[in-house]
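Before anything else, here is the set of structures, which you'll find just below.
Both complexes below contain chain A, partnered by chain B and then by chain C.
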Partner chain A sequence: MNRQFEKTAEMVLFLPALLSVILTLAIFVFMLVFGLPLMKGGRFFELITGSWSPGHGMYGIQPMIMGTMAIASLSVFFAFPLSMGCASLISVLAPRGFSTFLRHTVRLMTGVPTVIYGFVGIFLLVPIIRELFQNGSGFCILSASLMLALLISPTMILVFMESFDRVPKSYLDAADALGGTPVQKLVYVIIPQARQGIWMGVILSMGRSLGDTLIALMLAGNAIATPGSVLDSVRTLTAHIALVIASDYESLEFKSVFACGLILYGFNALIIVMLRYVESKGTQ
Partner chain B sequence: MKKKFYWISVFFCMICLGASLANAGSADAFNDLKGTIKIAGGTAHIPVMKAAAKRIMTVNPDIRISIAGGGSGVGIKQVGEGLVDIGNSGRKPTDEEIGKYGLKLFKWAVDGVGVIVHTENMVKSLTKAQLKDIFSGKIANWKSLGGSDKHISVYTRDEASGTRAVFWKKALDKGDITAKANFVVSNGAMKSAIANDPNGIGYVSVGHMDKTVSPVTLDSISPSLENVKSGKYPVARGLYSNTKGDPRGLVKVFIDYLFSAEGRTIAEEKGFIPSK
Partner chain C sequence: MPCTTHETMKENHIKIKVRSLDFWYQNRQILEHVSLDFTRHTITAIVGPSGTGKSTFLTTLNRLWENIPDAQMKGRVEIEFDGTFRDIYARSFSLTQLRRSVGMVFQTPNPLSMSIYKNVAFPLKLAGYKNRKEVGNKVEKALKQAYLWEEVKDRLHEKASCLSGGQQQRLCIARALILEPEVLLLDEPTSSLDQNAGRIIETLLLDLRERCTIIIVSHYLDQVGRIADTVMEFPLKS
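So, the complex of A and B:
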């Protein structure tokens, strides 16, 4: 009877697993099929290297690819030191009460809707950036990536914290026995031991910032020019999809959305491969 | 996309909240009716739609009216695909769109599209040539126009926007809009963007203009209600509510309401010119 139960449970759990795999593949096939007309005759290459000007029959998404990469990498760049500091404070350095308080705050931050960050960005961050640099409207790569850094850092902090907490207690005891200060313990024992977790946190939040739509849509300005500096207004692939899909279902413009989708899919696949690689390295 | 819906639903909740606080009006035609009306599309229409919905829902709580934005292109597509009951557009749907979806057009008001700048901006008048040069990116600093030595931030609307379509055709004569322009997604968002950016320039529905922004005269004609009415100000357009086929039941009553004395008063209050 027990065996029968196990078998049934396995079957029941297998179905949703299979379904999610099929769905993921179906999305890929769907985008491939719809994007295919664009890829025929080498137009795909033209698409990912050209610029966007529907009035002139140009549907290139190169500026959006650049914009996405700029915002995502810059946001991780800003979020990393922030998260590193926070995680260190919570896991190692802060006194117990304060650490618990911070831990709860970070958990709370993961639940704040993105649109709130967007609003705060428009009314607080954008004017500051505009006044500070006197260049452009303030809706730019810098504004979007700063806000995005705030959005992704809770994820990063939580992953970092978890990996810090996983460092074997015996190692910490050894460091204590040698008379190490908490800072020395952090720098020489915990961080080197948690390297794998740190990589995973960075890669995971990179994936999150690549996929974010609303922050970029609200704060990056959505201009279609190729960015030349962090103060330029850009449009990300995700924002582009949101903006084009709102206006059209049939034209070439709309079809180029599938190219955007494919590229985002590609970015995501790359992230997963990197995650698996880091994981496998850790278990060896 | 999902996030967009999130926005729309937040907006909808706000409308419902507003409606429950309103005073009773005299939208009597709705007395014995119940049901829902879904409206989407043009963002210039929203203040009037909101005010009308508020009055109707106060008189008759059995009627639910949801109002979403998205832009004229979205309104036409969604009503054509049967996703909403009324699709608003700030431009006349093309013959192709009318034919394909079997749309019925109801032009209940006339509106202008005017250029706006920040209230502190010294530049209050532009010629059409200057306007084209600003939007194409040829003029990039306010100084040469008599303003302060600041670069110009150009704001424009997304492709779904009827306001953009009309402005591009009638004010820019289909001229280029610089690739560096910032994109915003509604008339309201345009107004708040310009109200916050001392160096910004953009365009909104005349009905949306208020004290937070400064209108700019075009070839020394100000984008006022009177000038739009008399036809002196050239960048004008109709505000359309479109239905798929002839409107029936509740939807018909709603459209009739827009043309009633009360509906026309609402349109006038919100800064539009009700059509006869």
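So, the complex of A and C:
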């Protein structure tokens, strides 16, 4: 009876696990099959390095790849110091009341819908960038990555905080008993000890910002061109997918969506591999 | 007046004065009206059943208890530095300075995850020492004082976690000694070690008495008998 129950439970749990594996693979195959017409005859390389000019039969997504990389890396670059500072305050430096307040605020921030960030970006950030640099419309890499930084930093802060809080108390006692100031304790003991968690936070939020669609769609301007500066307007892979799908279903142009999907899939796989690597290093 | 002379004599030998110390943890009173004196260059052992506030009492001497949430203290602790008694809880008294003059060794050895050398040099780094040669000399001296030099001199740059428990504890003692503290607090320093490792540390403490005033919390009565000059039994009877 009990054994029977065990077996059934195992089956019931195994099925969804199997299903999710199959789905993930199916999506990959699906994109591969639909993207194939664009990549026939060794044109995949051309596809990811070429420029976008549908009028001339060129469907290169290189500008989108560049746009995605620029926005994702710049947003992590902005979010990192912000998150380090915030996590340090919450875990180590701030008095208890303020730290609790900050902690709750960060948790709350994770729940704010992305579209709100985009909205605020359009009405607050874009005009400021436009006025400040007097260069173009203000819909650019800089605007998108600043807003995206705000969007990903709660995740980063939470991961950092968790890794700071995991530093053994005996280490903290050692630093305290030897006359270390709170800042010294943070810099010499907590941060080196939390290195793995810091990497995890950075990689996770990198994945998050690579995959984000709405912020770039609303704030980056969506111009299809290889960016030359952070004030240039770009289109990300995700925004490209969203825009093309919204407008047409038949053309070869539409097929480029699948190439974008594949690239994003590849990025995502890379992120996972990096996470696994960092994890395995930590457990050694 | 021989009596007064005797009193001053005694006063001259006192290093730490604790006066009407009360301590609460989450509204539970742990220490009640503790008033004690500790004599300079002696080993004082604090003994008693667990839960009587022995370790807590130690942390009132270097203010380490202040990290514990929901803890509260009342009373006075004065330690003699450079010939005058200073209230260590006074606003004007620097916490960093206090912790450098009052070293502490914990029940479980707690070397940081860095090399042996860096562990011992760590307090110097905190204190802002830059001169490499001076740091090197001080590290060697501290390791010698802690009876560890001979065992580690050829592998100073290996991780401290490679050392045995007893060696790690002596490493922590070396780390506590490197700033030349005047008081050394030890919270059951041998309870996680085997007998041999414990004995080495006992001999070491007897040696260190020349340099500092030592207060040790201990569970082992035989250990106390071997090393203590004074024994204080908790809970104190008022």
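The definition used in the following text is that the second predicted complex is superposed on the first by the 278 of 284 C-alpha atoms of A that agree within 3 Å, B and C clash if a C-alpha of one lies under 4 Å from a C-alpha of the other, contacts with A are read in each partner's own complex, and residues count from 1 in each chain.
Quick note on the criterion: a contact is a pair of C-beta atoms (placed from the backbone, for glycine too) under 8 Å apart; a residue touches a chain by one contact, two chains touch by 3 or more.
Model, not experiment: these values are computed from the prediction.
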{"item": "Combined model on chain A: chain C and chain B, fit or clash", "value": "fit"}
{"item": "Contacts of A:Y171 with chain B and chain C, given as first, second, both or neither", "value": "second"}
{"item": "Partner chain in contact with A:I191 - chain B first, chain C second, else both or neither", "value": "neither"}
{"item": "First (chain B), second (chain C), both or neither touched by A:I129", "value": "neither"}
{"item": "Touching partner for A:I152 - first (chain B), second (chain C), both, neither", "value": "neither"}
{"item": "Touched partner set for A:F139, first chain B, second chain C, both or neither", "value": "first"}
{"item": "Which of chain B and chain C A:T114 touches, first, second, both or neither", "value": "first"}
{"item": "Vertex chain A angle, Cα centres of chain C and chain B, expressed to the nearest 10 degrees", "value": "150"}
{"item": "Superposed model, chain A: greater residue contact from chain B or chain C", "value": "B"}
{"item": "Touched partner set for A:T181, first chain B, second chain C, both or neither", "value": "second"}
{"item": "Contacts of A:I263 with chain B and chain C, given as first, second, both or neither", "value": "neither"}
{"item": "Minimum distance between Cα atoms of chain B and chain C in the superposition (Å)", "value": "45"}
{"item": "Set intersection of chain A contacts, chain C complex versus chain B complex", "value": "none"}
{"item": "Touch list for chain A against partner chain B, complex", "value": "51-55, 63, 113-115, 122-123, 126-127, 130, 134-139, 213-214, 217, 221-225, 232-233, 235, 241-249, 253"}
{"item": "Contact footprint of chain C on chain A as seen in their complex", "value": "96, 168, 170-181, 184, 188-189, 192-193"}
{"item": "Chain A-touching residues of chain B, taken from the complex the two chains share", "value": "1, 3-4, 6-7, 10, 70-71, 73-74, 77, 150-151, 153, 155, 158-160, 176, 178-185, 193, 196-197, 199-200"}
{"item": "Residues of chain C touching chain A in the complex", "value": "62, 64, 67, 69, 95-100, 103-104, 106, 108, 110-114, 122-123, 125-127, 172, 175-176, 179"}
